[in-house]
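First chain A sits with chain B, and in the next complex the same chain sits with chain C.
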Partner chain A sequence: MYRYKIIGVALFLCSTGLCAGAPSVSGTVTGADGRAIADAVVFVQGPPEDADRPRRPQMVDQVDKTFVPGLLPIVVGTSVRFPNHDQIHHHVYSFSPAKTFELPLYKGEEAPAVLFDKVGVVKIGCNIHDWMSGIILVLPTPHFAVTDGQGHFVLEDLPAGTYSLAAWHSLSKVKPEDTVQSVAVGAEAARVSFRLPLSVARTRPGVHGARAQP
Partner chain B sequence: MSWWNGLSLRSKVFLAFSGLILAVLLATLGFTQLVVGRDARQTLSRDLRTTGQVFATLMQERATRLQTNASLLASDFALKRLFATHFDPASYDAETLVSAGLSYRQRSGVQLVWMMDETGKLLAASPASDRLGKSLSDWLPLRQAMENEAPATGVVELDGELFQMVAVPVLGPDVIGYLVLGQVIDDRVAARLRDDTRSEVTFLTASRVFATSWPASRRAGLPSPTTYLATVLKSGAPNDPDLLNIGGERFLTLAVPIAAQLSEPLYALIQGSFDAALTPLRSLQTRIAFIGAAALAGALAAGVILAGGITGPVRTLVGAMREVLQGNLRHRARVDRSDELGFLARSFNEMVAGLQDREQIKDTFGRFVSRDVAAAVLGGHVPLDGERREVTILFQDIRGFTGLAEKLDPVALLRVLNRFFTEVVAAVEAEGGVVKQFTGDGVMALFGVPQIRSDHTERGVRAALGIVERLASLNKALQNDAVPSLQIGIGIHVGEVVAGLIGPDSRVEYGVVGEPVNLAARIEGLTKDLTAIILVSRSIAARLGPEFVLGRTALLPVKGKSQPVEVVEVLARTPVHTAA
Partner chain C sequence: MPAAFARYRWCLLLLCAGPAHAQYDVVDQPSNLWLRALVDVRLAGGGPAPSWTDSGPGKMRYGGSTGYDRVTRVGLSQAALQVGATLPWDIRAQAQVNVEPDIAHGYHPWLIEAIVRKEGGDERRGWGIQSGVMNVPFSLENGGPAWTPEFSISTSALDSWLWEDISLAGLEGEWWTTRSGVRLDALAGAGYGGDQIGRLLALRGWVMGDTLGGINGNLALPGRPDRTDIFNERDHKPTVYGWLSVEDEAQIAALKVGVLDNQGDESARSVWHTHFSTVGLLLHPLAHFDVLAQYLDGVARVRAPANDSALSAFYALASYHYGQHRLSFRYDRFRVRDLDGGPSTNENGHALTTSYLIQLGLRSRVALEYVWMSSHREVFGPLNPTPDGWQISYRFRY
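Up next, the complex of A and B:
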């Protein structure tokens, strides 16, 4: 929510000509039916950055038996902490090939940070609570943005040049590499639109949290 | 119905009473049989339908239990970890997965455990399967589970056996594979269901029987699956159990459709023995029949007693009537009852007593007056104030009676007279006449009173000839007794007289009064003068038919008459010869 506010302020400043940053790329992500898609991630494709380069650690909290945020895009080489702010134990795990890990039963801040050193989708869950589900999207570059409720995204601080932009969504029927668009970034802000056909969201009995709210 | 009319009253009452009781009894038995039999079938059918519902619930519960077991197993973190190894060929451990399948098979008591990856490819199977490595994503219920990413159950045929299957997704936290458990539906399952539902259970399609609870010894008597199903389903009323004969025993059969992924519909036949269920009813029927037979015997005995009670007095009355018919007026019906039959018997006895009194009076009366007169008087046919009637009057007298009286002693004389008068009375009464009075040695007789007879004149003359004839016989008898023959004279006249009861109230007698009476007496007196036996007046002679042989005719003066009276002698009567 905090991030949305920042984006909102940035958009406001740019629209009034007060945008002081480098040229950026903005655009929308819509579904096959033209409806705006929220929580889609638009990112710059490219060779993965050095995983050993120090990155600012990120965090996926566990509040009220839910992963917060449900979707966390990070650049490869980022460490993520999984603090547990519930009064009960959680057992966070992932079987995803991009990162298989397990944080056995713990409370509070006990669990060590997990380094995500491979690009890909990491689906996390809790062994105790089947409905707890979250996604950590490990991206090759630090240039990415998440669409807001209107499907808008803004990529800032991109140096002038030509980039390959891709879009990802948890329900997308197409792979990100099949969505790639080339965009030239110069003095003027560039605009890019993505159209992602989505599969129907399923609600499994007993499953709550981010999975139920794509 | 002539046979019925020919039966005695006792038999009729007995037959009617017994027949009525028997009819009511049979109707009761029949009605009981009908109603109880129908109720029994309805109750059994209802029970079987309930059993069918219970069976469906049991099948559903089995599926639910299977699904619960599968879901619990799929939640096992170790299993999830094992499943996840297939994402990385380097760490994939197929053997451990197969052994885990065997362990889960034993743990959950199922006969089949399959493990698939998220695309439906079979990773591991216990027991071993040649489908390993193949995609079964088109195979129900896996396809359904994959479509919905949710548990799905179904009944399928697998290698010739019937399986209840469940496929559940393995979540980690998204679907990382599917776990399939299968429970075989075989004869043991059917037998357990039979124990639970107390009905024989058979799983079959039109082409084969998959499982049955029937013991092996009775399976030979079962119809083929095709016939079986066709018979049960042809009624078109799935909720109305059919009656099937299996090995001589009737079974109510209900076909419960089972949702299955087979090439033809699968049914579970639920069968309850109708005959076994009717056993208590049979016992009841036997008891009812026994009670009915006892009631019938009692009713027959009651019929005999009742028939005797009703007809006994009637038979006594009939016997009494026969006695009275035969003239025994002293007989009385002995019926000691206060009901209608008692009243009838008392009335009958009073009636017979009245008849007896009347007959007694008549007898007594008849000895002093003529029987006809007595009957007329008792019958109320004689008017108290007299009536004008034409009558024939006959006077008879014995000639030379004085001389006879001198020859015979009084007793002998009276005896002779009585013998003579007996003949006279017989001759007069033979012609319907009435001997009005005896005048010492003579008789006065009337014809035409009190009973009206149109031929009273001829009757009178025939009576006179009869007297003469009888006298001839009597005289022969008297000669044998050395008694002198009797000589008589008879005078007959016809005329109108007053007939009625004559005399004071204290002593009345029936008689006639009038001139013709005197003239008849005078004519009788003339017989001595003419030495004739029978003399009649001309008015008599004029009425006689040709068969009467008349003799002399004379015109004689009569005392008290200014004119001579013509009299005619009657000689005989010959048989009438009708003209040929």
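Up next, the complex of A and C:
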């Protein structure tokens, strides 16, 4: 009997939006043709948080000559490690203005972490394997979400208030600043949808097999 | 090139855009065309015998003077230009042209590679088809940018020969899969232009260097005014080759086996029938160690003159690397055995190589190398060099 009471109270709290972890803002990101867009990042636009504040370190691995994950959204002030779990050398670099760095030829976990202290898009590559590329999206606030295969996103745990939400995708033809929508977050979950025109994806064909340069 | 181009493009966008908008500029897409270059300059001392590149008996790229005096040389050892393009259907096209003045006897550009390649699948399972001008993928050492040696300035005698003497115009197919923690890669190819593969070893013997043979190039022969063409097609029979690689998924150990037969028609004039097999082992036993060993065994036959030869070479290389630093040691053993009693092609030698490489940022590399070699080639008689040589290389890659 006592167990049913607890379940009943929990259901009531969740139905009123008072339950911790209840979705604050959810929605979809679609392309100009209405198709769902995966791997778009929806985030709260605002003044950048203090870059000196300690953040949980993140990681971009290198496996099978691929950056994993290929897209890593982080909040400004986050350090990222770049372990290389291939048995060959990689030489990770970025010339992006938001973070210029390089980690010369290494294997394993010996490369030092890199601190991303400016918001923006950081494109990373490997100086040896020219088809390897990845993106670290440095965001101003920790409130962001990545869309799933159906283009859905859920931004959780936003305190009540009014926010400017922006959407970003690596192929987007528009800047996030031009996608900003204002949304009021209160007791009820808010919904918002974005429409991003995308350019056609272009990738550099890789070389695997015996002809691959180690 | 793409990275540098991206940098300037970003700068331009930053200048044009307001500061409030600069932080999330639209991501530029990779270009369909790319360009890379490499320049290597050397300070080298070798000798005292003149190098084979000067038609002397010297076994290394830089030797002594014609008067058998030691000489210190400064020069351009390699300028390489690589052009790549993404074609429709995700076909990769790439070409490489090299200038190696001392080897090509001038600043003639050599076409090292010009291929189109289509792949399906990914690193774990896939297939590839490649066509064009290419070497065979048998060298374990030429894994650096623009097919340069990865562990030292000069490769082993075995890999030096593979890259200097073989350049084919052909087609190859490849298939790879990963199952139960083992990665299997099988490749087969055929190409024209290999009718004089092996002539170089019979008439000159093994050498150690970093020559990349171009399909339009030719190489010097000791004591002879003529040069041997790298691409030579006379009997219209293709060279066939195969390559099998087995390695564990964690890439701790790999075994590689290759075979090549140029199917040369021995009844045709100046056509060499050369076939060889090679087996190589790659080990990464510890985080900072690489161990390589490779053996090659083959035969080169020609109708006349009587220069039929058995060829064999072996090397073992141990390399320690930490960050930008790499220190390598290699032992080389090589042999040519005359098979038909004509002008002797007998040769016997071994060598020790020590090299230290340091990568300075994205673009620059400095390398030092010392080679000690003991070699005896019967026809050279008292001229046999027992050379040692050193090189300092500065390499810039764009």
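Basically, the second predicted complex is superposed on the first by the 181 of 214 C-alpha atoms of A that agree within 3 Å, B and C clash if a C-alpha of one lies under 4 Å from a C-alpha of the other, contacts with A are read in each partner's own complex, and residues count from 1 in each chain.
Keep this in mind: contacts are C-beta pairs under 8 Å (C-beta built on N, C-alpha and C of every residue); 3 or more make two chains touch, one makes a residue touch a chain.
These numbers were taken from a predicted model, which means no experiment stands behind them.
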Partners on chain A (chain B, chain C) - clash or fit: clash
When both partners are placed on the shared chain, which of chain B and chain C touches more of chain A: C
Contacts of A:Gln87 with chain B and chain C, given as first, second, both or neither: second
Chain B versus chain C as contact partner of A:Gly120, first or second or both or neither: second
Partner chain in contact with A:Trp168 - chain B first, chain C second, else both or neither: second
First (chain B), second (chain C), both or neither touched by A:Arg195: neither
Chain B versus chain C as contact partner of A:His152, first or second or both or neither: neither
Partner chain(s) touched by A:Met132 [first = chain B, second = chain C, both, neither]: first
First, second, both or neither for A:Phe95, with chain B first and chain C second: both
Colliding region between chain C and chain B, picked from 79-87, 205-213 or 313-321 after the shared-chain fit: 79-87
Chain C-contacting residues of chain A that also contact chain B: 91, 93, 95-97, 123, 125, 127, 130, 133, 202, 204-205, 207, 211
Of chain C, residues touching chain A in the complex: 2-4, 6-7, 10-11, 14, 20-30, 32, 34, 36, 84, 86, 90-92, 117-119, 121-124, 126, 128, 130, 137, 143-145, 147, 150, 174, 176, 185, 187, 243, 245, 250-252, 284, 287-288, 321-324, 359, 361-362
Chain C-facing residues of chain A, complex: 64-66, 86-89, 91, 93, 95-98, 102, 104-108, 110, 118-121, 123, 125, 127-128, 130, 133, 135, 168, 170-177, 199, 201-211, 213-214
Residues of chain A touching chain B in the complex: 91, 93, 95-97, 100, 123-127, 130, 132-133, 202, 204-205, 207, 211
Contacting residues of chain B [partner chain A, same complex]: 75, 77, 80-81, 83-84, 87-88, 148-150, 169, 171-174, 176
